[in-house]
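Take a look at the structures listed below.
The following pair of complexes shares a single chain, chain A, combined with chain B in the former and chain C in the latter.
Let's turn to the complex of A and B:
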């Protein structure tokens, strides 16, 4: 249905701000020392606020506030919502209790992953799906025949990630009574002014942390509430670059960075099945039919899976971003998709996509070729790499309930 | 005459851009080439002329993206003054006072489409991906001679294998998609992606430009592809302006050709191809002068060449039959307008870049189809669709400061009016339909007009020599592409007359200011002469 003329005319002014500013932009702009912005899903988002290195240590030692408003958010409601999502996604949504969150993924008919994301069950018939890429046509088309409503709510709901050891203390200090009871992947609603904020114990850092969602009108007052409470707990605002380090340590993958999404791929051989990007554990073979199921099961049965995603620990301390992975120093077997020196593990770590059977049956004798540009000269390094499990770092404080105070 | 008369290696009939491309490559291979152009200028449908002081028009073609970058480089066209400037965007005005704009910036584009439909805004990415996939398949075929599937010569077989292998990289569902793409109507194709009429209308335009079909006619999806597979500096699907007008392409080619010692004769109208013992031996100009050559290449369209310039007795019947039935029905007209100031379009947002791109007034596919109905009845469309650009906003060389050149491509416009010839009164009435459409959206438009050139198929045929005024020297439907263009068995630039070749848009890969037909024809000629083609780049890799 085409919106009416008045709504369309009102929308014309978008061209005055080609980069949308998120509801938290006024605060971020004020805090930004580096003035270092990039575009995330059409929004102005910070690479860094004051210093990526120090911002990273805020995540690991104090608490960090990160604006996740640009993340795509879809609201799925209606009597068939559970059935619809169960057909759409890989995990069994019937097992997702009200007030819980599921990390999940969904596939096209070829079993190629369209995206991964988090599914929040706000009520029996009320879900929120958060993810990196846009999927409205896919979600609407697959809703045909189900009694559900799918609505994109990215621009009306603001989101914040509050991550780090003191995040719980900050929420308590901010007066969110009862937040101590939240277990990992659990959510609850708390009053905020005359509205509600949904707080879930989730995040992208592998640390103790929470995500908060509010209607955009309450965004700034929520920020201020946390900011005031955080003053004595070392709270800092951070940009994506610091978060990215934490997520690599936690071993999380990012759509269109660690794998190419099925709908985004121009080259048809770029699609990846869940088993090829480390998401095999999401596939619930017991539940009723879901999209991509047959293709995934067939590939498993016929052993036609081509790729595998692995964690690597690499000799030395030079990050191997986008390096080629070799077997026996000669044969190209894959590509590093993300890599950092991990300050927490004191190791050179990487996420890599390998071509089976490498990484599967053949796991030894791997090395990566690093081209390190130093003062306009390449140093070409061949470094041994060892396959290790993800996450690269495990923090007990992530799961303790009630959480520690720091 | 006889022995004292100069005999060229190659006589080129016509100095359109393809003729010039072929001539450049042949001259650079060491041959002595003469280009005979009937007009007093070169360029054919890629021409820029000053018809009123201070204003340069792009008299026919007006936007540039199809021209192959490999050719620009081989022939050193930048050194000979060619510059292609990318532009962005465009808009369709809707009858309710709104518009739909298009932007280069991905997010602005999405947000603009989302004003009309959030779903369509995202579906656009799918659409662009699918069309780009098809383009990536087709692009490398542009710079290769189409294989003849029935010749069984080793070269044709290996080319067919090459094709099959490219096809083999596709998944079965993509092969199915490709076959559908080549045969579907643009309207059906767009229906698979979009729900909003104005969005479909905006995108459908590329499916019918230069084609005597409506958006609902099968085969028009491919035409869209033909317009999408161009690029500006590697950005596929982007369009640009040749700085100085489309004629700048032909001027640069002529200059490159002459720099290598080639001869251009303007005002040299070829009346007949001379044959001796069934072999081409040169041409006779109107007035009787003979120009001799070991080979003759025709840049004129296939009908003009074989139905007017070559004696029927030299040609086989089936071939002639096919040529007579090659479809090149005129469907377009054009208005070139000199303006004493930049027109205003109050509906457009102030400061938006879309005014620098293509502007349209047709906001539904239905209106396009109705416009086509008029053409079928032998009338110009009462409610035509117009592709309007004002290149002088980016190119200061075409009009005095503050003044502008506006190019309006108009469809549909029949080769004959209800079966009879066009009259000047018809032409003026046709122009009036267009002007009144523009004036509806741009107050004071008429008062800005300094000069106007109006071209119906009659003028296009008379001046450029395009039979029936068809802008592509033959429609771009799948039955007239690849080894069927222009005639099965003669798709490799050769003809039944030994020593007579074709190099214009009637040949593979077809129309548009692309240069590929000229380049491929030169490659075949050099092959026949056993001369090297090292100076010709292969198509850029599509990776």
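Let's turn to the complex of A and C:
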């Protein structure tokens, strides 16, 4: 073998493992009882670790550790970083103080949402943008005319979500002094071995919780540090299915599950404006120009918005996932994009996308058509549905500072 | 401080046309030009003591009649100049009248064939022309007027029989070489139309769609004759003066030597402009009659434009292909076999389709040909003031000179100039001895002198993907741009380059009509 070829082959090792393992995989693999994996952005990620039902209750009653390393992470730095992000995203980045986190979204020229995500202001000119889908080309093209550097750091930064009522106590037990001062959407850096871990009081569960970011080389030692501290606080590793239940209760949406992203959509009518997926509150019409501004304002002015995202409460206890929503039992007016029976709310809840004016001016007499498979026979159920505000579950401990100790 | 209704950036002929039309309609117009003179590509320069070039454009073949009327050009028919297809070995072929109404120097049978081709192409160009003088339709909001234009084009296409309609659709995206081979046998004529189809465009005669360049050329007219070319009395500089005079008498305030550094905007709306001096002038409407890429990539704050739009603008293909050679000659040149009076026309060196294709090939790889093709005029014959008495100037537009030369133009320029002079020597033996001075402008020089990105005359390749609703980019194809109050009016907009005045004319019309949003 020629040396050139050997070098090339060595540089292509990733081909052998098309499904990448995250930095935490060694720990997850050991803990996994169900051996139930799926692919998240090219990474091997757990659907469940031992039991989805019990994992869900870890989030709500103890503490849960969830590997968020496959999430896309972009680092934006430079003197124009704030201006760049202000043009890119819907909210006013000038109002995002150093050490704070913003939930935000960004659109293409037509006002269709490309993704939603969280924007971390690490320093005056230093930001991290986390999201579901890949956006490097868009972010780089957005840099035309700005003095910024955009780098993808998905594979060099590992992420963990530590969520649940005892999460704060675990961080304290793990020795992260000063974490008690963190308010929701606030971040701080803490020493971890000879490196730094960024801890933010954020999450995707609607519960008390934190997200931790660390260089991949320190991933396992961070996991172990939390694991040891969490032993007496009921800390368990969880998979996505449990997290998904918690996020539905919290009323959060997931890109390409509750809406199709502008770049993912193949059909021209599938793009969604912020107002059509419940993100109208992110659009800051007073801030300077941003991508999609004209299209969004025009759609509002001309009332051409076609869809609306609503929370539904459905009678019975059978989750209405992907059920069709009807008005007066006859007219199709939308689709349920996510649904569970909520253990915490004790209600059958759903997130649905409706066609305006249904869900907007006409909100009564809705029902959903659930096909329940019962031993190879569908039972068609027409269940009444009522539009209710999101989140379906509101927990005081999510925002209480300092958080309660256990 | 005087306030203006409209600020126009760029005093090229399109900027002047837009300014004149807006001024005549009663708008208070301020026109800002970075150079010391208005006129843009019509403005000349001294390239050797006592010798001047009339302008970057050296012949006029598509000045729109309404624009001509607007600037008060005399209604009298200008003298239509011939095109001479030079031959290295034999006699030239000469197209007389409007693009060869009559041909000299070819066999009677070839003359008939050429006239058939000419009639076909002019007919087809006539259909295309209907779309050149109106704003491109807005996709998704096509108006009754647009539909009427389509219908009338369609009617005119089949009026002469279905065969003609089929032929139009067959030929529309063909390459010029196949069409030339289909109709003609004479290499000089084939070489000539191959040259005319590709001049100023990065295509060879065998590249798909290259016929469209010839169609575009033939949509031009002079004195009502389609395809005709002429030299204004007093040369192209005189035309620049006419444009300027018209603007001034329309009440336009012109400030030359005034560089705009910024188009001011807030939340997607134009507020005015800022000058290099720091002065700011506000106006609700700003018309940019300079290259679209310069407009959006250097004058407008990226934060006021959306990502997709800027990405599209950045991807406009605008790398020039043509170099301009000016020669100061001791006496009027004599090209072999060309009648003395025909030297006032346009002389083309393109021996055959292969000659043009071979000249194009190296350009694909960032090199120039050792045997380039070119068109030549002797500007001092129309405007004796360009050269001292008895002496002459020669202007050659040479294809293909890549904007980004692999070896770099600093090294390549003297070599290229020698190559061009060698070619000239073969067609005008002894010309080298009379050269007193010379100047070669590569696309890079043209970019620097005339502020055209890539040194591209058309302010962006004139190819199918950058025409009509995609010129310069879809979101700005109707002269208005995503930045409210900012309009485009340069050759980069529909219908394209050449001294037509149409982009400026249509931009002004569309401002006056009010944007239907």
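We take it that the second predicted complex is superposed on the first by the 395 of 406 C-alpha atoms of A that agree within 3 Å, B and C clash if a C-alpha of one lies under 4 Å from a C-alpha of the other, contacts with A are read in each partner's own complex, and residues count from 1 in each chain.
As a convention for this text, contacts are C-beta pairs under 8 Å (C-beta built on N, C-alpha and C of every residue); 3 or more make two chains touch, one makes a residue touch a chain.
It should be emphasised that the depicted structure is a prediction, and the values quoted were computed from it without experimental measurement.
**Student:** Contact-wise, after the overlay, does A:142 reach chain B, chain C, both or neither (first, second, both, neither)?
**Tutor:** Second partner only, chain C.
**Student:** Applying the document's definition of touch, where does A:263 land relative to chain B and chain C: first, second, both, or neither?
**Tutor:** In the superposition, A:263 touches chain B alone.
**Student:** Of chain B and chain C, which one contacts the greater number of residues in chain A?
**Tutor:** The larger set of chain A residues in touch belongs to B.
**Student:** Considering only the touch criterion stated at the top, classify A:12 as touching first (chain B), second (chain C), both, or neither.
**Tutor:** A:12 sits against chain B, while chain C stays out of touch.
**Student:** Name the contact category of A:86: first (chain B only), second (chain C only), both, or neither.
**Tutor:** In the superposition, A:86 touches chain C alone.
**Student:** State whether A:382 touches chain B only (first), chain C only (second), both chains, or neither.
**Tutor:** A:382 sits against neither chain B nor chain C.
**Student:** For A:124, select first, second, both or neither according to whether it touches chain B, chain C, the two together, or no partner.
**Tutor:** Neither partner.
**Student:** In the overlaid three-chain picture, which partner chain does A:293 touch, first (chain B) or second (chain C), both, or neither?
**Tutor:** Once the two structures are laid over each other on A, A:293 reaches chain C alone.
**Student:** Enumerate the contact residues on chain B facing chain A in the complex.
**Tutor:** Contacts found on chain B: 96-98, 101, 103, 105, 107-108, 110-112, 114-119, 122-123, 125-126, 129, 132-133, 136, 169-171, 174, 196-197, 349, 351-352.
**Student:** In their shared complex, at which residues does chain A touch chain B?
**Tutor:** 2-3, 5, 7-9, 11-16, 18-20, 39, 42, 110, 134-137, 140, 152, 263-266, 268
**Student:** Which stretch or stretches of chain A touch chain C in the complex?
**Tutor:** Result: residues 83-84, 86-88, 108-109, 138, 141-142, 144-146, 288-289, 291-294 of chain A touch chain C.
**Student:** Where on chain C is chain A touching in the complex?
**Tutor:** Contacts found on chain C: 265-268, 297, 301-311, 314, 475, 482.
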